[in-house]
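Please read through the structure below; I'll follow up with questions.
To keep things simple, chains are lettered A, B, C, D, E and F as they appear, and every chain counts its residues starting from 1.
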Amino acid sequence: MTHHDIETPENLARRKHGQEVLSRIDGHAGADVLAALADTNPALAHHVAAYSFGDIYDRPGLDPRSRQLVTLGVLIALGGCEPQLKVHVNAALNVGLTPAEIREAILHTTVYAGFPRALNATFAAEEVLKNHTPPKAP
Amino acid sequence: MTHHDIETPENLARRKHGQEVLSRIDGHAGADVLAALADTNPALAHHVAAYSFGDIYDRPGLDPRSRQLVTLGVLIALGGCEPQLKVHVNAALNVGLTPAEIREAILHTTVYAGFPRALNATFAAEEVLKNHTPPKAP
Amino acid sequence: MTHHDIETPENLARRKHGQEVLSRIDGHAGADVLAALADTNPALAHHVAAYSFGDIYDRPGLDPRSRQLVTLGVLIALGGCEPQLKVHVNAALNVGLTPAEIREAILHTTVYAGFPRALNATFAAEEVLKNHTPPKAP
Amino acid sequence: MTHHDIETPENLARRKHGQEVLSRIDGHAGADVLAALADTNPALAHHVAAYSFGDIYDRPGLDPRSRQLVTLGVLIALGGCEPQLKVHVNAALNVGLTPAEIREAILHTTVYAGFPRALNATFAAEEVLKNHTPPKAP
Amino acid sequence: MTHHDIETPENLARRKHGQEVLSRIDGHAGADVLAALADTNPALAHHVAAYSFGDIYDRPGLDPRSRQLVTLGVLIALGGCEPQLKVHVNAALNVGLTPAEIREAILHTTVYAGFPRALNATFAAEEVLKNHTPPKAP
Amino acid sequence: MTHHDIETPENLARRKHGQEVLSRIDGHAGADVLAALADTNPALAHHVAAYSFGDIYDRPGLDPRSRQLVTLGVLIALGGCEPQLKVHVNAALNVGLTPAEIREAILHTTVYAGFPRALNATFAAEEVLKNHTPPKAP
């Protein structure tokens, strides 16, 4: 049996499930990344969906808001991940973090990763936050 | 005026406040780090307390649980921060994260920072988690 | 359906397959890592086996020798991954790299990651290389 | 008392002092960064000024030339900090480092951080160095 | 004697040799990098050629294909090295790695360096791979 | 001609020169590192001496004190380079930096690389600084 083959029925189901989790959290931003990979590296696209979202993100042990806080911390610290940071700032808004909380989280990273990483994260994040339509008041 | 002088009344008050925040969150683990610095680099000890805890951690814009999730993400991604990770796993327990949530947060970082960083974080975190007495049921 | 549940028959099969790939490549060193995780973070152990080895390492698109060369490059550049580096130096020997080639690969990284990372990698690698019994001449 | 409130008289004074140190060292380049943050993350702008420049940079224990050399080393090694590197190449010129010394410092980092970081730093630094009017001879 | 002087006959010979190795492996892409440095940091250009290619790359202890696999691993893990990654994807093609193997190598790094680094590497690599004319069949 | 052969008369002379520079700056600490490499990776030992010290460190374009400040910045930012940091704290003392200046340089890095890197650097540096006999007063 070929577990690594991304076109088995089992892996098609894993990928489809992962894509659903991805859409729920990232909306079209995540789907756009997968589409950009589809022609040239479909296996990478598969594993972004199947592993990152289907296997890990969907696990019940940590709520989506908490997962996004960890994700923001990792992406800011790594540096050079501005495209991924923008996707995940959008996801953070989708799972309930407010723009003020996201900015506070970035400020918080100055302590552990220094100001340059936090400044780069700010400029990337604001590209998303300025375009974000806040939810209408009821 | 010498804003940088850590012994002005203003800076003594900032440091004292920071130490209180630090004790509230990290218990003795944080205080031990400051004590280790007191003789050789007191200015570094001052700024750990005054800036990291008094100025940043104490801000109301993000709850302590959320701050710890960001902190865990940053420390795991940086790598080589096992001593700080242990202090902050302890802090994470103090502010209400469960051992299961901390382990899930570490698993979550495999997606963004890879397995080696998550494995190193696991081995460091478990040194704290195995010693942690869970709060007694009422 | 719960794709994230590591105890479904599907995920048990994925894990078993990954463990076989891991044993083939890393021998007991990899199995020891999984055993160390089994009690405290079984999901992390599952994904090391199922994703890293079953899904990725076993793919036919790149031979094991080449995969180990990429792995050595990543681990040396990341820094702070000495435990993983030792496991993968052992794996490199298992898939046919010679001690001389491993040392040359480390020297090669000085160009791209600088001397400190290469020196740390050398000291970690030599702990494995000195214990390695070379294959007997026929 | 609210040490973390950036609008207390004490923190206004700290910020004003930090802005003066920043202007002295970075000229308008640093002020531009703060202005870019003012609307969206004023607390981050405050701490760049109050902590980085007022509390740390202004300390007498190390001369500004030496501080810039350390800063260049850190920013080159981190990678992905090209915007900050440009600000600090300009600052390095302001505190008396020559273009030749800055280029030599970048070359020096090849030993410890490898050639790619040094090449990226070179291309960022030259954008500043080519625009720099050398001080007039007396 | 001034070993550090890049214009001694000895160092001219080292540089010329390194440039030949560089041309053999990287074609015009590597030469373009050296040309970009020639006016502003000729010593850095010298050492890229003399050390990286003449002293290290040309060593017989590891074949060029293997060196490129290590190089790809290091550059992907470092992050922020997209310009260098493009040069070395081109070099990888020159020394016999196929586009499929390069894509597989990038996928392989997800295990050790996480998905964001692999995604950034993919987008940089595809800029080279899409322009690559495959060798004609005989 | 084999420029990469570390046993040519030319490379023997380069290595000898580099070892002299290394001894002048690092004293026995640097020589100990080379000795540790001599049996297993003599080419790495050669290039530490010939390239890092003979080719780069000995260049007249930047004074040794300035080189050590850049080196400290890079090593602190990289993280996981505690052994190299200790060697270079010793070298920093040898070229005229005072313990107070070294501690201040470490504090300075909190701004750019965050507190955990500075704390790790402090604990490594103090192992050297506590053993350092200050020069006798005349």
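Keep this in mind: contacts are C-beta pairs under 8 Å (C-beta built on N, C-alpha and C of every residue); 3 or more make two chains touch, one makes a residue touch a chain.
The model shown is predicted, which means the values in this text are computed figures rather than measured ones.
Chemist: Are the interface residues of chain C and chain F largely the same numbers on each copy, more than half shared, or largely different?
Modeler: Interface between chain C and chain F is built from largely different residues.
Chemist: Which whole number of Å gives the spacing of the CA centres of chain C and chain D?
Modeler: Here chain C and chain D have centroids separated by 41 Å.
Chemist: Taking each chain's centre as the mean position of its Cα atoms, how many Å separate chain B from chain F?
Modeler: Comparing mean C-alpha positions, chain F is 31 Å from chain B.
Chemist: Using Cα averages as centroids, what's the distance between chain D and chain F in whole Å?
Modeler: 25
Chemist: Would you please write down the residue numbers of chain F that are in contact with two or more other chains?
Modeler: As it turns out, chain F has residues touching two or more other chains at 43, 47, 51-52, 56, 59, 61, 74-75, 78-81, 84, 103-104, 107, 109-117.
Chemist: Drawing the touching chains as a network, do you get a line, a ring, a star, a complete graph or other?
Modeler: It is complete, because no pair of chains fails to touch.
Chemist: State the interface residues of chain F toward chain A in the complex, per the touch definition above.
Modeler: For chain F paired with chain A, touching residues are 109-117.
Chemist: What part of chain D is in contact with chain A in the complex they form?
Modeler: 33, 36-37, 40-41, 43-44, 47-48, 52, 74-75, 78-81, 83-84
Chemist: Where on chain D does chain B make contact in their complex?
Modeler: Against chain B, the touching part of chain D is residues 1, 3-4, 10, 13-14, 17-18, 43, 47, 51, 54-56, 58-61.
Chemist: Considering the complex alone, what residue numbers of chain A touch chain B?
Modeler: By the definition above, chain A touches chain B via 51-52, 56-57, 59, 61-62, 65-67, 69-78, 81, 84, 100-101, 103-105, 107-113.
Chemist: Under the definition above, what is the set of chain B residues touching chain C in their complex?
Modeler: Residues 79-80, 103-104, 106-107, 110, 114-120, 122-123, 126, 129-130 of chain B touch chain C in their complex.
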